[in-house]
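In the two complexes that follow, chain A is the common piece, with chain B as its partner first and chain C second.
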Partner chain A sequence: MEFTTETVSGVTIVTLLGETLDASNAKALKTDLVPVLAPGAKLVFDMKALRFVDSSGLGALLSCLRQVHSSGGDLKLCEMAKTVRALFELVRMHRIFEIYSSREEALRSYGAEV
Partner chain B sequence: MRCSTKARGGRISAVAQFEKSFTLQVPSSTQNLALIREFVSAIGAQAGFDEKDVMRLQLAVDEACANVIEHAYDLEATHEVTIRALIDDDLIRFEIVDQGKGFDPARIEEQNLDALIRDRRSGGLGLRLIRSIMDDVQYQIVPGEKNELRMMKRLKKHTA
Partner chain C sequence: MEPAESRTTNHQTEPQVFPPALLELIEFFHQRLAGEPFGSSLRVTAGVLVPGSSLPAGAVPVDLAAGHQAWVCLSALTSDSWAAGALQALARGWGEVYSASGREVLLMEELAVDWESLQALYDLSADLQSALKPEEMLKRILGRAISNDPSLRAVLLVQHNGVLSARAMQNLDVCENLNPAGGLVGRCVSEQRSLVLQGQHQIAAAGTNSEPTSREPWNGATSLALVPITTAARGLFGLLAVWRYDQALGFDSYFVRLLEALGQQAALIVESDRLNRTLLESERLRQEIFIGSLIQQLLLVGAPPKESARLEVATLALPSQTVDGDFVDLFAHPDGTLDVLIGDVMGKGIPAALLGAATKTHILRALAEKALEMPSGETPSPEDIINCASAAIGPDLVTLERFVTLCYARIDPAARRVTLVDCGHPSALQYRARTGEVLPLRGDGLPLGVLLSERYRQIEAELEPGDLLLLYSDGVTEAHNAQRELYGEERLTATLRMCSGLGAAGLLDRIRTRVLAFCGDEKLGDDFTCLALKIRADGAEPASEITILSSYTDLEQMRTWAAATLGSEAPSELCDEIRLALTEAVVNIIRHGYREEPGHPIRIRAGHHARSLVFYVEDWAGEWDMATIPQPSFEGDLEGGFGVFIVRSIFEDVVLTRSEDGSNVLQLSKSRKL
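For the complex of A and B:
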């Protein structure tokens, strides 16, 4: 899956451009995101394009979260479609990730000025 | 659902007859998961499920097929996965059939959700998802011959 990155007030926003994150592309995305997961990184994943995530996709996102947490950074999610949010709730992942309705809210949670 | 009886070897057994049945057979590649989800979406909508439940049906079948491709076939794309969808007036049933390696469902049932998330390579998280979405899930595993996962979801009736 393709993604773009931009930095706002020290926070890196990763915008996922694909509509699906499943067993066909989760592993590749995890590999492609490695350079973004720098030690201490403050990250926001913008998921507005995403319409479907399965357990492979959840696993990839969880792996990213653990990696940034282990190096003192953080990863927050935003702009999640209702169907994707429902899946997160189904497996209680909404308790593990900080999820914000907008990119601005996610940035503010880091103390960034928007 | 209509049921008929059939004499077989001196025993009488009930045979369920569904109103509509559809079959999709695809090579065992994760690249085909999108096609499988399209198939499930079309049939789920035809059966009368709403958008939210169609998404859940897509997820359940996606998880089942991904498990087959990753664990039963070890990601070898040279095999086949068969998805049968059976619709009746108040339920939908999916049957996922493969000829790959079997597994022990009891081992997966014992793990809690946190353990399944930690160790997601086991395929257990997918099975847990399937169980939480569908109303009934059954496995028939014949080692070396075939594995069949049957899962059923009832249509919620809306009252005026």
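For the complex of A and C:
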């Protein structure tokens, strides 16, 4: 899946551009995101384009989360579609990830000026 | 099928052209040239060249059987030098191939007559079935004629190019060629009866005076039996002579009868040998591009009508090492029905292939003839067509001692019905999407050419959207592995059930791979011909099932299908849940069942229940159980394991069963809440 990155006040915003994150592309995304997951990175994944995520996609996001946590960084999600949110709630991952409704809220949670 | 206007046949002036007729000629040219720069603008026209008439402008002559000639031209393209060259080359190729093939057909016919007379005359000995060389067999026949008595001499003379020459000898070293009109030989030939002579003087005096008898090998013999051998097809075939010098013992009439029978046997061996040589020669010809394309194009219509709103059609033909008589054809009618024909001629070789072509032609003619008798716009029934074709070709088949099995089916997508006539062919198989069953469509007709009085009757079956019909030749079910185990109808049925959701072409592709995998290194012994038809769902009714292959990239296709199945009225939350749960179920099958090996089928079928939503997810991954997948962690420390949990959270009822044919069926149900 393609994505773009931009840095706002020290926070890296990763915008995922695909509509689907499932078993067909989860592994590849995980690999592609490695350079972004620098030690101590402050990350926001903007998920507004995503319409469908399955448990494999969720697994990829969890992997990213664990990686940044282990190096002292953080990963927050934002702009999640209702259908995607439903999956997160079903497997209770809304309790593991910090999820914000907008990009601005996510940035503010890092103390960044918007 | 090319458009009807590209075919011009003139039934009034057309002589009896035994296969292939003009239609085949056109097809041959059309198929060879169709893909070339002409595109769909190509029009091939052909007609019989009546003696004395001139060739139409731009046409090339083509030789047909028995001195008949036809012409072929490409309309509006004759100025193109490339086209003219191609036309010339094809005409030469056709002529060469056709004349060789025509000779064989005649030869087969001759031999069939000989066989009949021979069987009545003499019970064929085991020698004939042995793999001995013909010269060796002839020598044995002569050995039997003299009962291995060293005082007897024997010679078999065969007429060839106007002289009689020795094909086999016993107790004789040399035999000159003889004139069939002179000496004792001439008398025997002209009187057409066996001669038995005794005493040197009588033998010397018996010959005709037109030529001295000194060259005859039995010169000076004391007893002589001379038997002419004639065959129905060739007239005088040759002579069999037995004689002795030392004793005055004569030959009795019983001995002469034995010689007559042995002579017939010898004739059969020589004719079979001649036939074999011709077949060998054609084997060489077959390597050439023209015969290859002739057989293929004559017997298998290249591209079926691919795009039809209601029908999906695919054909598959894998030729075996030898040329067989499998054939397939499709006729689309203006009323939207489609006729499909699949058949198999008993036996192999170019004669069988040409008989297949002839049968196809006869059926096409029967269709045209019967259609003329019908009120306009109506199509004759399959049983009328087959009965008419059977009346036309049956006597020929009986004469040739060949028979043809075939299945003629008419698919009416609007009436959702298939009507078929089964002439001793392997049963067509129908996959019913609604129930997931496979049913054979079996008639009870005999093969064409078995019984002239046979009346063929059609059978009918209902067709529903999503249903598949599979017609095949016995080369499919009789393909075998190294242990001589047959692929069989049961395996074919299982494959059809398994791959029904792949569509017509996808199904045939799977059948091909599965049969070839089953056979291993064994070569296909027989032509392998299949035709599959799928009844497309109407726009209003989504297909009740889908088959995808074990690849994650197929997931999206499955989700699109699931959304269509649920319909636009379904609440979007429900739709999202079902799509998610089905994705999880299928991913588990791919990951844990098929271990991410690509290319295995997974079928998802929606059940029809008023109060609940039911989906069946079927795989053929062998025995594996979802229960072995570890439980998920909700603390975020594990990345996987949510799949089963998700499936169970969304569907209230999850049941895994193993079906009779070894598949795993995961039944997922959820009650409908309003």
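Here, the second predicted complex is superposed on the first by the 114 of 114 C-alpha atoms of A that agree within 3 Å, B and C clash if a C-alpha of one lies under 4 Å from a C-alpha of the other, contacts with A are read in each partner's own complex, and residues count from 1 in each chain.
As a working rule, a contact is a pair of C-beta atoms (placed from the backbone, for glycine too) under 8 Å apart; a residue touches a chain by one contact, two chains touch by 3 or more.
Quick caveat, the model's predicted, so the values are computed rather than measured.
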item	value
Which of chain B and chain C A:86 touches, first, second, both or neither	both
Touched partner set for A:55, first chain B, second chain C, both or neither	both
Touching partner for A:28 - first (chain B), second (chain C), both, neither	neither
Touching partner for A:17 - first (chain B), second (chain C), both, neither	neither
Contacts of A:65 with chain B and chain C, given as first, second, both or neither	second
Dominant toucher of chain A (residue count), chain B or chain C	C
Doubly contacted chain A residues - partners chain C and chain B	20, 22-24, 52, 54-56, 58-59, 62, 83, 86-87, 90-93
Chain A partner contacts - residues on chain B that touch it in the complex	29-31, 33-34, 37, 51-52, 55-56, 58-59, 62-63, 66, 69-70, 113, 117, 120, 125-126, 128-129, 132-133
Chain A-facing residues of chain C, complex	551-553, 555-556, 559, 572-573, 576-577, 579-580, 583-584, 587, 590-591, 632, 634-640, 642-643, 645-646, 649-650
Complex contacts: residues of chain A adjacent to chain C	20, 22-25, 52, 54-56, 58-60, 62-63, 65-66, 83, 86-87, 90-93, 95-96
Contacting residues of chain A [partner chain B, same complex]	20, 22-24, 52, 54-56, 58-59, 62, 83, 86-87, 90-93
